[in-house]
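My structure is below; once you've seen it, I'll send some questions.
We call the chains A, B and C, going by the order they appear; numbering starts again at 1 in every chain.
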Amino acid sequence: MITGTFLDEISHDIPSANWGRLEWAKDFESMASAGIDTVILIRAGYRDRCAFHSDVLRKRHGYLIVQDDLVELFLDLAQTHGMTFWFGTYDSGEHWVRGEHQAEIDVNLAFTEEFAQRYGDHPALGGWYISHEIDAFDDGVMRVYESLARHLKGLRDLPILISPYPRGAKQFDRPFTLEEHSQHWSRIFERIEGLVDVVAFQDGQVLYSELPDYLATNADLSRRHGITSWSNVESFDRDVHLKFPPIAWPKLRYKIEAARAAQVDKLITFEYSHFMSPNSMFPSAAGLHRMYMEWKRGEERRG
Amino acid sequence: MITGTFLDEISHDIPSANWGRLEWAKDFESMASAGIDTVILIRAGYRDRCAFHSDVLRKRHGYLIVQDDLVELFLDLAQTHGMTFWFGTYDSGEHWVRGEHQAEIDVNLAFTEEFAQRYGDHPALGGWYISHEIDAFDDGVMRVYESLARHLKGLRDLPILISPYPRGAKQFDRPFTLEEHSQHWSRIFERIEGLVDVVAFQDGQVLYSELPDYLATNADLSRRHGITSWSNVESFDRDVHLKFPPIAWPKLRYKIEAARAAQVDKLITFEYSHFMSPNSMFPSAAGLHRMYMEWKRGEERRG
Amino acid sequence: MITGTFLDEISHDIPSANWGRLEWAKDFESMASAGIDTVILIRAGYRDRCAFHSDVLRKRHGYLIVQDDLVELFLDLAQTHGMTFWFGTYDSGEHWVRGEHQAEIDVNLAFTEEFAQRYGDHPALGGWYISHEIDAFDDGVMRVYESLARHLKGLRDLPILISPYPRGAKQFDRPFTLEEHSQHWSRIFERIEGLVDVVAFQDGQVLYSELPDYLATNADLSRRHGITSWSNVESFDRDVHLKFPPIAWPKLRYKIEAARAAQVDKLITFEYSHFMSPNSMFPSAAGLHRMYMEWKRGEERRG
């Protein structure tokens, strides 16, 4: 079953639901009743937007765009519901995409330190999420992972998660073969072993027919490097014009079953509140929620 | 008035509403009260997705992605409401688009046979829909039509429908002129005469100004070849960025009136549940529903 | 605070909400309670669609696509709520984009005259909106502005509004620098001074970091030419794949505060009913509405 979800504030490319404290409180209740025990802030800041009033980011962007202290809200709601909160790092949206990896590291050292000073002792804090996503070996990003992982462990010794994506046929004109994927991730895992604890590959870029092989390969690679393997079961649909609506239920179920067959350690999703919640801004998420919950109860009865 | 609708399960490019048995039951009630007497399953399978647990397709795709037996559900709901159900063929999404028309025929011979064995005697079954859409003469697709039409009539002698599209200016950089359209469809109608019983052209690709001429040309061509002419009055909007929302009511009304002026035999729509239903996942469909129903009642009063 | 909104009937690129008289009446109530005193019909006609049964446009397009007399409805609703209604001119969608500016002028002379004959005495009518949007100096469009402005003032001597857009980095691969923007608009303002009374720049095309400088430059240019400066605070989000959903609240608040800092004379928005209203077809607009209203009440308390 899906027991974790990203919290997509601050969003790259998904519309805001425009939720305040009450709406988030209601949705955490829904998450809890759906069996979610892990919430992962996808990123605490992106370019000039931030999920809390960060002095570090306000130095970069004097006009920093902030709704409220959503980080505190999420931590408190996670605590209320006995969930673990994973904090997602800042994505400058500029440095690392231009090859300036040291600058990306530097701002994140300060930013995560600021976060740790404010919220490092919060009882719900249970993990770090390094938000820089890759699909192939990249020496610069390896240095980001190494520097941030060491720094984060020093701030508080918690597990570190990344959620990469395969260069799959649904998103790329020249996708990797499974073998190319495997070679790249072999090199990456050698490099991050002992620093990154959990890898949760996104599962929506490859064809449905390829997914079991990708999941098995990823789980096997993880095992050989002592890394925990989760699957990021995307709950939005990549097969339609609209970017992006809740996924069709049979596709989600197929992906869940494929991940279970590959014996990954945990299923998380991107993400509950937009795409799987009865409170979603997309009315079709309510149907996905009903069908998922009905199936989940059936599975639980069958044991 | 619109008296038929496609059922867009399995969808190419429209987001899933994630409806289960209850939601579909509710929507068939709504269809009935809106005067729908004909429901057409747009395709029973597409690539690795299917509307029922087909052994034939499971041989191609071992992991076949199926929600429930929606075909049985739709047949039963159609029967409950005195509607006629038309079964849509399988679209491999690969063979015919690569010119392998015999492979497309072969899988469909087996697939429709499997359907006929299971549901061929269902009292609501009233027609066949060949789901392979074209906009121009194509000898390979003619062979698909010929082979499938003969086979389907052999399975059960019911009318056969296709729903092609004009190569119109709203969708193509180099659209056909009306004359080119007419030449192509003249050749096609010569070829399918006596096999295909009903042609329902889609009405959203050409400019509103051209629509009456296209409708008249299509109705005339149909008449000359003894084919029944329906209009597929698309209820989604092709004029906006979002792909695709419910159409603006005055556009729908214009297209309905244009189709009536061309004296087509029946109006169907793609499709009720996403775009015209008060139960739609798009809130603006509720407004379309209200305005359509109000106008419909007015027209009926006026006779 | 935002005290004006466009009415996006007839729409270019935003899906129709499919609202009838009751829904519009309800939304004007909502607008009034949100402090809207000014409603601007974005265009009364576009190509073959019109917001009322115009004989002038029906001569161009015999099948003119009209829902109802929305112009009368909007005027009456504006009067009920003590709002000022601004009438937006016709956009042929063809003449002026092909350089045939005189044709664009001619149809609008007749069209606005027709409007004035029917509704020119309506007590809610308070302004003219010339709907032809530009981002750079264009001699042809200057002639459109000059001819229409003189004509409209002759029909009824009311203020004239335009709402142009900067050639900003979010929309254009080769955006203008602020200096280029300033040079172009300097030339434009010299030309339209004394004819156009109010300029409300759209605020969503430039980066958030640039917005204050653009607002200040625009306000300064306006002041030097005796033109009133409004800001068109766009309430839809340009940062996500979906085109277009309600904007994230912190972005809207940032833009409102930036416009106030630039001391523009009034904030209007494109537009309330789709993107800021609790009645919107986009569920996430309800959240935007709640957060905006809460913040507005807080600001008002603080004075």
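Going forward, a residue touches a chain if its C-beta (ideal position, glycine included) is under 8 Å from a C-beta of that chain, and two chains touch if they have at least 3 such contacts.
None of the values given here were measured: they were computed from a predicted structure.
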Check: What is the shape of the graph in which nodes denote protein chains and edges denote touching chain pairs (line, ring, star, complete, other)?
Finding: complete
Check: How would you label the chain A and chain B contact, same or different, if same means the shared numbers make up over half of all numbers there?
Finding: different
Check: CA centre of chain A versus CA centre of chain B: separation in Å?
Finding: 39
Next item on the list: Return the residues of chain C touching two or more other chains; collapse runs of consecutive numbers into ranges.
Entry: 242, 282-283
Checklist line | Contacting residues of chain B [partner chain C, same complex] | finding: 208-209, 212, 237, 239-242, 245-251, 254, 258, 282-288, 290-291, 294
Next item on the list: Mind listing the chain C positions that touch chain B in their complex?
Entry: 11, 13-20, 23, 48-49, 61, 63, 65-67, 242-244, 281-283
